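Common to both upcoming complexes is subunit A, partnered first by subunit B, then by subunit C.
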Partner chain A sequence: MPQVKFIEFNGTEHNIDANNGDSMMVVATSNLVPGIDADCGGECSCATCHVLIGADWQAKLGAANDTEESMLDLNPDRSAESRLSCQIIVSDHLDGIVINLPEFQY
Partner chain B sequence: MSEAVKLTEDPYSIPLENINVSDPNLFMNDNHWGYFERLRKEDPVHYCEDSLFGPFWSVTKFNDIMEIEKDHDAFSSEGGITLGDQPEDFQTVNFIALDPPRHDVQRKAVTRVVAPLNLAKLEPIIRARAIKILDDVPVGEEFDWVSHVSIELTTQMLATLFDFPFEDRAKLTYWSDMATSGALNGGPTPEPVRRAALLECLEVFTHLWNERVHRDPTEANDLITMMAHNPNTQDMDPMEYLGNLILLIVGGNDTTRNSISGGVYFLNQFPDQFAKVTNDLSLIPKMVPEIIRYQTPLAYMRRRATRDYEIRGKTIKKGDKVAMWYVSGNRDEEVIETPNEFIIDRITPRHHLSFGFGIHRCMGNRLAEMQLRIVWEEILKRFKRIEVVQEPGRTQSSFVKGYTNLQVVVTAK
Partner chain C sequence: MSGIVIIGAGQAAGQAAASLRQAKYEGSITILGNETQPPYQRPPLSKQYLSGELGIDRVMVRPEKFYADQSIALHTGTRVESIDRSTKSVTTSSGDAYQYDKLLIATGSRPRILTIPGSDLSGIHYLRTIDDVDGIRTAMQTAKKICIVGGGYIGLEVAAVAVTSGLQVTVLEMEERILQRVTTPEMSEYYHELHAGRGVNIRVNTGVSGFEGEGHISAVLCGDEAIDADLVIVGIGIIPNIELAEAAGLDCNNGITVDDHCRTSDPDIYAAGDCTNHPNPIMGRRLRLESVPNAMEQARVSAANMLGGDKAYASVPWFWSDQYDLKLQMVGFSADGDTSVLRGDKTLNQFAVFYLKDGKVVSVDAVNSPKEFMVCKQLYGKTVDPSVLADTDVELKTLLN
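Then we have the complex of A and B:
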């Protein structure tokens, strides 16, 4: 099982064995990692599962699609590290990924 | 325009094709529920050929609404988000009624006012006002909750967001009501009265704009200063400025106001839920989104198809108007368990349609939730009972789902 590390804004770490095929949003919410709201339930249409992922891991994810891009773009605090966790699917090549949570969701 | 088909108490008594859920009387009399239930069961994507607003499609199931809302290429918001079309000679434009890319840059110009850090600053202000308003209600006597509490609280908040002269704040409520109650949208306000009110609004806000142009945008945090200094909004023409003002006024006013009133009403209808929250105040943050789902303060949003679109075996033709009925999707039993029950501790209470989804999702949704949370925290500190003593009056509108009055008697703790 791939390992995923979520780091809350206050620095608290959560190391989780994730199931291939789940979205990172589902991994976080089903393991009670605080800081992700996911109002729309994984439809890429609310942007309340916003996370920050460093450049090295971003390279392995591939670019955001148009829908994710349009939702991310509504966030005035968007950074180069911003992604929506409902759009990132767990797989073996993401073993060890580090995902930072923002201070707030919009 | 021909005579609208008379809708009766029994939604199954007329042919499907005669159902017109956009009739404002249905909402004023609170008998729309059965019609939507029938449409969800028998004809979830329904064509109404003849209404006050001309022909339109109704989409009534949760997941179908989500599908349409997400596809902003196939379903445009340009031209307006209500079924009634704007008159040619009085077109107010605003960003909710624009498609990308103009929508995105205008929305971003004002989003920061509801950014989480700003909300944290607003919280103590909202709480102090809620305390004042609730301390002033006449305990033990009958009074109107809508005007005493719901309107006061939301209007004061709105005045703060605009940094609008506080003593004139009742004007914000008046303009908000005029903007949504126009005859062209099936409401009681004659068109000339609506226009005059909105032009007065524009005039007052133009004075404020001219004053805010000189404010330092790094220090001032109000919506007008933000718009006056952002390159994407600083050159708006007057009708575009007016359009965005109305959007922000209505968005920040009617919706929260009616959810505050709705919560009181629902907790009377479901006294077991009132007992539950009284015994465990930590449930308030979960109760708030349930109030917003159950109220659904805006019944629908409109789109217009930009191409032919197949859904559930029907073809929505290019150019057709489509109403996404949030009020119906929020009661869709295939997505929400026992949807007609008001349950304050649902597992995923925010999974509702009231804020919309996709790029037009309500930007003030966290502010709305915060206001409701604070007001309920303060209510439950003070009152052991809020008794609704007669059925509320309801707004004559199929768009704004609200209350004109709600008579209550409160009992102190």
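Then we have the complex of A and C:
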């Protein structure tokens, strides 16, 4: 099982054994990681599962599709590390990924 | 053992339980739900779950194991019969009693049922639960002619799935246009043409007077006319489940009356989700919503306040509907507007209609236009020049400054 580390804005870490095929949003909500509201349930409709992922791990993810990019684009707090966790699917090659939670969702 | 009891096991219930544990509440949490599944997402039921694109595990809000791991006592298949406010307990149909310190009523809503001649024939379905949709999916495998009663979002989403899977589809709408209750004539016309173009036969101004068949449905009667059908889906709205609250003497008026902290008229009883009638401070009026984002937010508000917090509900409502490859995202209520502004090109199936009242943005219908949807959430209540909104050469971002 790939290991996923969520780090809250206050520094609290959540180390989770994630299931392949689940979205990072599901991993977070199923393990009570705060700050991921995920109101739309993973439809890429609400942008309440915003996370920050560093460049090294971003390189292993596919680029955001048009919808994800549109949802992120209008967030004034968006950074180069911004992604929507509902659009990132757990797989073995993401073992060890570190996902930070942004201040504005804190 | 006392603690927090939640009646209902839908999305509000699941979110409230999670929020309580997230807030480090260590007391007991009991969820009593009459369905057999743990909390799951309803929106995909009429969309990707009906089409088979999403399996049941992807529809669950959280894996079943979550509840045990978090010491949340989840009792499915359990119907609550009564709330006794004097002893602060609820009693189930099997006679079990649960004491509460705080109670959350998250009983949701149920489909409005047709009671006309023939409405007890087999082959007539409603759509609210996983079990409902499992029944519809099975029926769709052998059905040839499906008739959908009601041209609302549920009916049209089912029509899209059914016609895509090769069925002959008729939608019967008693009003003069589909989506009459929820959108403008302009959007109704767009969706009418969309479905007609995909082969759906839409009949407006057509009320259903009865159903015909020998045990199983064979035709839908509309006055003198009989429309052949071997499967019927009725989607004519929902009714909030307020009976338990009402019987317990809680104030109800088109939903369970709550304040902006999701408190009912009993300070130890809260309510969240479709069953509530709540004040919206942004809109300045009371609302009863049929909406997942509302259920989730009211669940979070209730959880915080049941633990002694002071969290007020203040969200602009938003909704979505998936039909074919079109995602419609809505903010607010288009009926609140006095002016509409089109941005984009309808013929490309990528456009948004903004609605303004006294020059202020109050709503949007955004088709395959997530940016317009997102910007409307942020522009809500702000004065914007309509000609700028309509101009696709103007980057929406610049309006946010």
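Convention: the second predicted complex is superposed on the first by the 105 of 106 C-alpha atoms of A that agree within 3 Å, B and C clash if a C-alpha of one lies under 4 Å from a C-alpha of the other, contacts with A are read in each partner's own complex, and residues count from 1 in each chain.
What we mean here is this: contacts are C-beta pairs under 8 Å (C-beta built on N, C-alpha and C of every residue); 3 or more make two chains touch, one makes a residue touch a chain.
The shown structure was predicted, so the numbers you read here are calculated from the model rather than taken from an experiment.
Asks: Mind checking the superposed model to see whether subunit B and subunit C fit together on subunit A or clash?
Replies: Subunit B/subunit C on subunit A - steric clash.
Asks: Pick one for A:D77: touches subunit B only (first), subunit C only (second), both, or neither.
Replies: In the superposition, A:D77 contacts subunit B only.
Asks: With the two complexes superposed on chain A, say which partner A:T67 touches: subunit B (first), subunit C (second), both, or neither.
Replies: both
Asks: Between subunit B (first) and subunit C (second), which does A:F104 come into contact with in this model arrangement: first, second, both, or neither?
Replies: A:F104 contacts subunit B only, not subunit C.
Asks: Thinking of the overlay built on chain A, is A:C40 touched by subunit B (first), by subunit C (second), by both, or by neither?
Replies: both
Asks: Check the residue A:S30 against both partner chains and state whether it touches subunit B (first), subunit C (second), both, or neither.
Replies: After superposing on A, A:S30 lies in contact with subunit C but is clear of subunit B.
Asks: Quick check on the superposed pair: does A:A59 touch subunit B, subunit C, both, or neither? Answer first, second, both or neither.
Replies: neither
Asks: Can you tell which stretch of subunit B collides with subunit C among 206-214, 368-376 or 404-412?
Replies: The overlap with subunit C comes from subunit B residues 368-376.
Asks: Jot down the residues of subunit A that show up as touching in both complexes, subunit B in one and subunit C in the other.
Replies: 37, 39-41, 43-47, 67, 70-71, 73-76
Asks: For a test of understanding, state which residues of subunit B touch subunit A in their complex under the given definition.
Replies: So the residues of subunit B touching subunit A come out as 66, 69-70, 72, 100, 104, 107-108, 111-112, 114-117, 348, 350-351, 355, 357-359, 361, 363, 366.
Asks: Show me the residue ranges of subunit A that touch subunit C in the complex, using the header's touch definition.
Replies: Residues of subunit A touching subunit C: 26, 29-30, 32, 34, 37, 39-41, 43-47, 67, 70-71, 73-76.
Asks: Using the touch rule from the top, collect the residues of subunit A that touch subunit B in their complex.
Replies: Listed in rising order, the residues of subunit A that touch subunit B are 37, 39-41, 43-47, 67, 70-71, 73-77, 103-106.
Asks: Which of the residues in subunit C end up touching subunit A in this complex?
Replies: Touching subunit A: residues 18, 21-22, 41, 43-44, 61-63, 66, 70, 292-293, 296-297, 300, 318, 320, 322, 327, 329, 370-371, 373-375, 378, 396-397, 400 of subunit C.
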